[in-house]
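Notes follow once the structure below has been shown.
Chains here go by letter, A, B, C and D, matching the order in which they are written, and residues are numbered from 1 within each.
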Amino acid sequence: MEYSVIILLLPLCMFLFLGLAGHKLSERVAGILGTIGLTVTTVVAYMVAFNYFTMPRNAEGVFDTLQPINLEWLRFTEHLHIDLGILLDPISVMMLVVITTVSLMVHIYSLGYMHGEKGFQRYYAFLSLFSFSMLGLVVATNIFQMYIFWELVGVSSYLLIGFYYTKPAAVSASKKAFIVTRFADLGFLIGILILSFFTETFDFQTLMSNPSSLVTETAGMTFMGCSVAAWAMALIFMGGAGKSAMFPLHIWLPDAMEGPTPVSALIHAATMVVAGVYLVARLFPMYCAVPEVLELITWVGAITALYAAVVACVQTDIKRVLAFSTISQIAFMMVALGVAFNTDLHAGLGYMASMFHLFTHAMFKALLFLGAGCIIHAVHSNEMSEMGNLRKYMPVTHITFLIACLAIAGIPPFSGFFSKDEILTAAFEKSAFWGVWMTAVAGLTAFYMFRLYYRIFWWSKPSYEHHTPHEAPMSMYLPLVFLALVTCVAGFIPFGEFVSVNGEAYHIHLDWSVATTSIIVALLGIALATWMYFSENTRPKALADKFRALHTAAYHRFYMDELYMWVTHKIIFQRICRPIAWFDRHVVDGTMNMLATVTNGVSYGIRKLQSGYIQWYVWVFIMGALLIAVLAMCF
Amino acid sequence: MEIPMIAYLVVSTIMFFAGVYGFITRKNMLAMLISLELMLNAADINFVVFNRYLYPEAFEGFFFTLFAIGIAAAETALAIAIIINIFRHIRNVEVRNLDKMKY
Amino acid sequence: MNFLSLFVLIPLLMMLGLWMSRDMKQIRTVAVIGSTLLLALSVYTLVEFLAERAAGNTATMLFTDSRMWYEPLNIHYAVGVDGVSVAMLLLSSIIVFAGVFASWKIDPLPKEFFLWFMLLSTGVFGFFISVDLFTMFMFYEVALIPMYLLIGVWGSGKKTYSAMKLTLMLMGGSALLMIGILGIYYQSGLHSMNVVEIAENGHIPMNWQYFLFPMTFVGFGVLGAMFPFHTWSPDGHASAPTAVSMLHAGVLMKLGGYGCFRVAIYLMPQAATELAWIFLILTGISVVYGAFSACVQTDLKYINAYSSVSHCGLVLFAILMLNTTAMTGAVMQMLSHGLMTALFFALIGMIYGRTHTRDIREMGGLMQIMPFLSVCYVIAGLASLGLPGLSGFVAEMTIFVGSFEHADIFRRVLTIVACTSIVITAVYILRVVGKLLFGAVQNEHHRELTDAEWWERLSTITLIVCVAAIGCFPHWISDLIREGVEPITNLLSQAL
Amino acid sequence: MDYSQFLVMRGEISLLVVFLLIFLIDTFGGQKSLKGLSVAACVLFGLHTIWNIIPAESASAFGGMYQISPIASLVKTVLNIGTLIVLLQSISWVDTPDVKLRRGEFYELLLVTLFGMYLMVSSGHFLLFFIGLETASLPMAALIAINKKDTESYEAGAKYLFTAVFSSALFLLGLSFLYGVSGTLYFDDIAVNIATNHTPLLIATIAFVLAGMGFKLSLVPFHLWTADVYQGAPTQVTSYLSVISKGSAAFALMLILYKVFSLDPVVWQGIMWALIVLTITLGNLFAIRQKNLKRFLAFSSISQAGYIMLGIIAGSAQGMTALVYYVLVYIFSNLAAFGVISSIEHHSGKVGMDDYNGLYKTNPKLSVVMMLAMFSLAGIPPFAGFFSKFFIFASAIHSGFYILVLIALLNTIISLYYYLLVVKAMFINNENEGCAIASFRSDNGSRVSLIVCVAGILLLGIASCVYGYFTDLSLLGI
């Protein structure tokens, strides 16, 4: 399937073209060009997916892993070399579909949303850059290629978050996002170094062919109590955790909402933030070889899920709510991977589940964000307090948004229900503890989503006297409708047929005990939300007052940002950078200057030798001569 | 009765360092000049004595002494000339006045 | 006559031409023609070199030519290039080319400026082509001295102080170097100054190596901004005029790395393996140290100077890892740092020329005022924080992978420490970009300022293209360098 | 006695001829011919230089009292070149009212001192050597004090004379001991005789001889007269003193040490080691703070003497070559500097370093020459100074004086500092209001001399043949 290279090249060319010549084009032309480019990419991606999944399975009943292209890019040693290529296997193909779809929707949507914005062309150039890097990331044939595109998505997200570069908030948000993820990538890099040193390869297929190679190579080697293999995989996971905004590296994601809303939909909801999940899934067999790391992943995921859900319950900025819900949902996927303890078809259910959830979540979360975009577009504000009763004004948005909310809350027959159900099943299979935990979080999810929904579309009727909100233009609500449809039907895709932990076909069957509990919990959550937010009342306030401490803490995201601020500014800047700079100027440089000063001082001190009196000169003369004579005699 | 060589050498050495001492301590340039003469002549005495006592077969030392004396004379003449010139300007021959240039 | 000698000849002829030229126009013509010729020549060298290698010529040095110069001491004027020097020549000519355009409107005394500038480049080129210790050392000092007047006359700020400091410190380095070179000459027992000869047949006694290696390494290390001998660099760069900062940070500091690599390690591999750890610690310090210091600077040039300390520290660090990959990475880092730091200084010079301040607290929102320069600055920044697709990434990754090849925990930990610099780099680069280019316009007077002129565009675009070229297609350059590095690593493996 | 022996003294004789001719013109020539005296002197001396340009073969005359070797006659040629340059530079100076009347004496005394140096460098016997030494130094005192009206001039003269005589007295004492120890004053015989007995007396001798020569070379601690004398003497005389007499003394010292004390170099190498370190370091330290350029160059020349000594301490043919080469380069560099100083002093009467501020704006050519001279003195490539320094260091390293060379090299940093101060004044500093040196056109004599110097500075290093030639000659033995 060599033609799959088009999927990468087209967005790249589009980026270069728009980036270099964009400012010469008119907005509309640039936008249309970008969209067309991506449409073609999407079509190609679908063709690839179709051809791939209609391929006959091989002897083990697995879809072959294809490498249509793999070129050596940079050679380090005879074993280690970075290749650039395309790897097609179930998950990468699935990701191709997801990314292209959402990206296309966002391209179309942005035609309306970004209309008239300064730097429209630049915006499309960056979108193409992002699509290119994200696609490159998922089809990476080796871990270093993945790292390369990993960095590229980081940068394009930096550029897009900071799109409104005159807004200080946006600038600092973009900076934060980049640096936090960069810090995580440091772990990723070191992980790669360790991994590649022991396994002597970057290549995924070689790695997968013998997943336990790392463990065997590093047998017996430990560092600070943990085995080196565990260190390597944990550090790699750290990279993933950074991109996927796992606790405690999540702090950049909420701020990233400073970017244009479609960008949030594309990057910070659907695609880039799931890269971490994808990374873990990609290396899943190796993670299975080091169960302690899987344990770690589960814990991180579970804590993140709970934390984000709780915080989401009290945020008032609708995009923040969505951001935290995103974090929570990705945590679900992480947990799913964590609880899948080995690669046999049944025990590895969580793998399939998380991929499935990744797929569905991408759709409905993009839908939510785009919907939120429409609302913001209409109300010109992110604050809930500015909203309410919007269902009258924007019916399409309302319906699609409701569908998405039901999906994420896990109400059948919407897609979210199926995927989340699989996750919960997997969790329960690992242990009841995780199962209960995640179910509770699911309940919270339902609650805060409907809180959001009611606050936007019902609640009271604030006075829109200055202007009445109106439905978004067609370019904006068409994507909504499309995504809503997908959300409705996606659940019925036989996902397990395509993607499963070891590639063999897996028939999804609902575990009704789990399903019913989760539905009930979800309904409870919704009910509570309805009770509190259906129409304007004082219950929320009363409740907030009741749990004042919890509420404020949650409202301030449990002071994580403050903590980071303190560490970076008070510790790193004040306690490390400044002293070092001072040391450099005053000690190191001071020494050099001191040498000069001393020399000068000496030359001033001895000037009296040149007294100007002959007799002194002669005195020195004779003394010198005699001294020399005496010394020479001594030696 | 033969005077031992060492006696001459002692004398000459004393002369030399007397010259040095004088040169360093005298305020008057003429006195310094005289001290210089002492030093030169001390060296000359050495030559003569060594020649006479140690190497009587050749006259190298004697000749050297003659030349040295001649040179000493020339040097004195020159020194006197300069001292006179100095006297013309500053009306005395105090060496401590020669300190315009220092440090 | 070997065509490599043209690298020395052309600048000299340019100096002649400049000396005879009357007005600004002629001066510029001479400068442009000359630098273009140099660029063409270095490209030609590259092509010829690759052709030779393709033809299977496996000699250590190609295009060698050796003329007896000082019979009694057996000093030759000996030239020759291997992969590394070809890369360096390419770098130098690119930066000279860009530098000429960056100093298009130099004032006062344009003629003298270009004269000194060309003397400087003569030294640089001569250093890179020569394989004879004496000529190498001579060209090295030829390259150092013009700095004094270039900074002193055309510089800004406390220029005389920094110029003097820079010159004296570098001279201190070359004093140690001279001892080293003479020692090598007399101890190798060959009565030869030819580097290759000494490396292949010379036997410097071990006890002498212990004395001579530090001399040579520190001697070059001073120019390579090795901690704690780097303090000339911030002041020097801050005061130097644009083109000089470009050439100095871009090429001259590379003389240090190249020298350590070509003289210190190549000729004394045993001592290198024995003593590497000391200098590894020092360079490791300067990598992190420079980055941290850069975080709190407010003067654009200081920020860059410190980042140069960090990056050049990485070069020496990698050289001291003494294996093929790391050394290849080191040379690539020289290339990439040379290009991007030159780009940085060019841009800073252009911005300074407009705003007349380098204090980031007094500037802001330049993106709205001078988009071209700002975009270039962002690109330079991304290159410097190691964005894939730009040169920095390739070099750094090669270095890290190479350095990690060592099995001992000491080097591993140092490598990891060095890795952290990529995060710190990101911090200070984004800090500058955020403060300087984004946000609201700080000073309303800046609104009238204009964007880049054509010559400025030309010089920046040249550099950007090269940075991107290395970043996107690193394969050929790394192979080119590797084959230059291999002889040295072979010697090292014998030494072990 | 056959008079053909005199033919060996070709150089001395032709010098004497020049001297006599000038003497005749001076005494019997009318006022008119006196005008042309300076030019005549240059022409005659130029002829003399060319006449002696081909080095003589090794030979000895008068029973080995006078010995000539190729390298020695090469040294004479080097001195000739230097003297010629000095004469060129002094053309305009001798017409100034103060020295106008004593114009002739200037040339005569100058040539006599040169004659003395000739004797020093080619003597085989201490008598001749001593005569040469005195002939070289006594008229020098007269030269220094030649400007009767100038108080600094006679003060300098007095200081020089008294110190000179004192040192020669010490030298004489040393010689007397040597005579006592060895029983002869022929260099070669002494070397043979003292080989057997190492008395403390001998060591004292070495010390005193070194002291006597150290005076002429102005080695620390025998250097204190230098600064005052250089400052007080007329610039032309200063330049002559700083290069010619230093150069000859350096070679003469080497002659003695190699020929007389060659058999146990360890003793004098130890002494020299200390002397060199002291000389270079103190010279530099004093030079840093000098504001008067003549005084400044005095101290710089002290430290340069230290570098020259490195060639002696090496104690090898290579060292000899390096030394002579160094002297040659040093002559060109230093005379370039002095040429600029003297012509500026001649036109504006300024010798302060601060007066040179912004000189490049007014007198670009002169300041470029000055800069070249400074770079060459500091040993910056591609100027000749770099090569001479390199070779002299190489010779010292070859004999194993690593630490000594390291100290010397670290001192070059200090020296670079103060040489750069001059460059800074001329190129970087802004001219001081009002009292800036006006631009002028210096006279032809100094122009020619400066051109020669610059040519020397630029070409000596690149043209390796010079050094090769010196090596060939020095390999023929001293």
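One rule holds for everything that comes next: a residue touches a chain if its C-beta (ideal position, glycine included) is under 8 Å from a C-beta of that chain, and two chains touch if they have at least 3 such contacts.
As the structure is a computational prediction, the values presented were derived from the model and not from experiment.
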Steps needed, at minimum, to go from chain A to chain C via contacts: 1
Look at the interfaces B-D and A-D and say which one is made up of more C-beta pairs in contact. B-D
Ranking chains by how close their C-alpha centroid sits to the total C-alpha centroid puts first chain C
Distance in whole angstrom between the CA centres of chain B and chain C is 65
So what's the Cα centroid distance for chain B and chain D, whole Å? 27
Here the gap between chain A and chain D, centre to centre from mean Cα coordinates and rounded to Å, is 78
CA centre of chain C versus CA centre of chain D: separation in Å? 43
Quick check on chain D: which residues sit in contact with 2+ other chains? 158-159, 162, 166, 170, 227-228
The positions of chain B in contact with two or more other chains are 23, 32, 98, 100-102
In chain A, what residues contact two or more other chains? 607, 610, 612, 614, 618, 622
Name the touching chain pairs, please: which are they? A-B, A-C, A-D, B-D, C-D
Contacts from chain D onto chain A in the complex sit at residues 158-159, 162-163, 166-167, 170, 200, 203-204, 206-208, 210-211, 215, 220-222, 224-225, 227-228, 267, 270-271, 274-275, 282, 285-286, 288-289, 414
Show me the residue ranges of chain A that touch chain D in the complex, using the header's touch definition. 599-600, 602-604, 606-607, 609-610, 612, 614, 616-618, 620-626, 628-629, 631-633, 635
In their shared complex, chain D is touched by residues of chain C numbered 69-73, 75, 134, 138-139, 141-142, 145, 148-149, 152-153, 159-160, 164, 167-168, 171-172, 175-176, 178-179, 182-183, 185-186, 211
Chain D residues touching chain C in their complex are 318, 321, 375, 380-382, 386, 390-391, 393-394, 397-398, 402, 405-406, 409-410, 412-413, 416-417, 420, 423-424, 427-428, 464, 467-468, 471
Residue numbers on chain C that touch chain A, as the complex places them: 165, 168-169, 227-228, 230-232, 234-235, 289, 292-293, 295-297, 324-325, 365, 367-368, 382, 385-389, 393-394, 397-398, 400-402, 404-405, 415-416, 419-420, 422-423, 426-427, 430-431, 434, 437-440, 474-475, 478-479
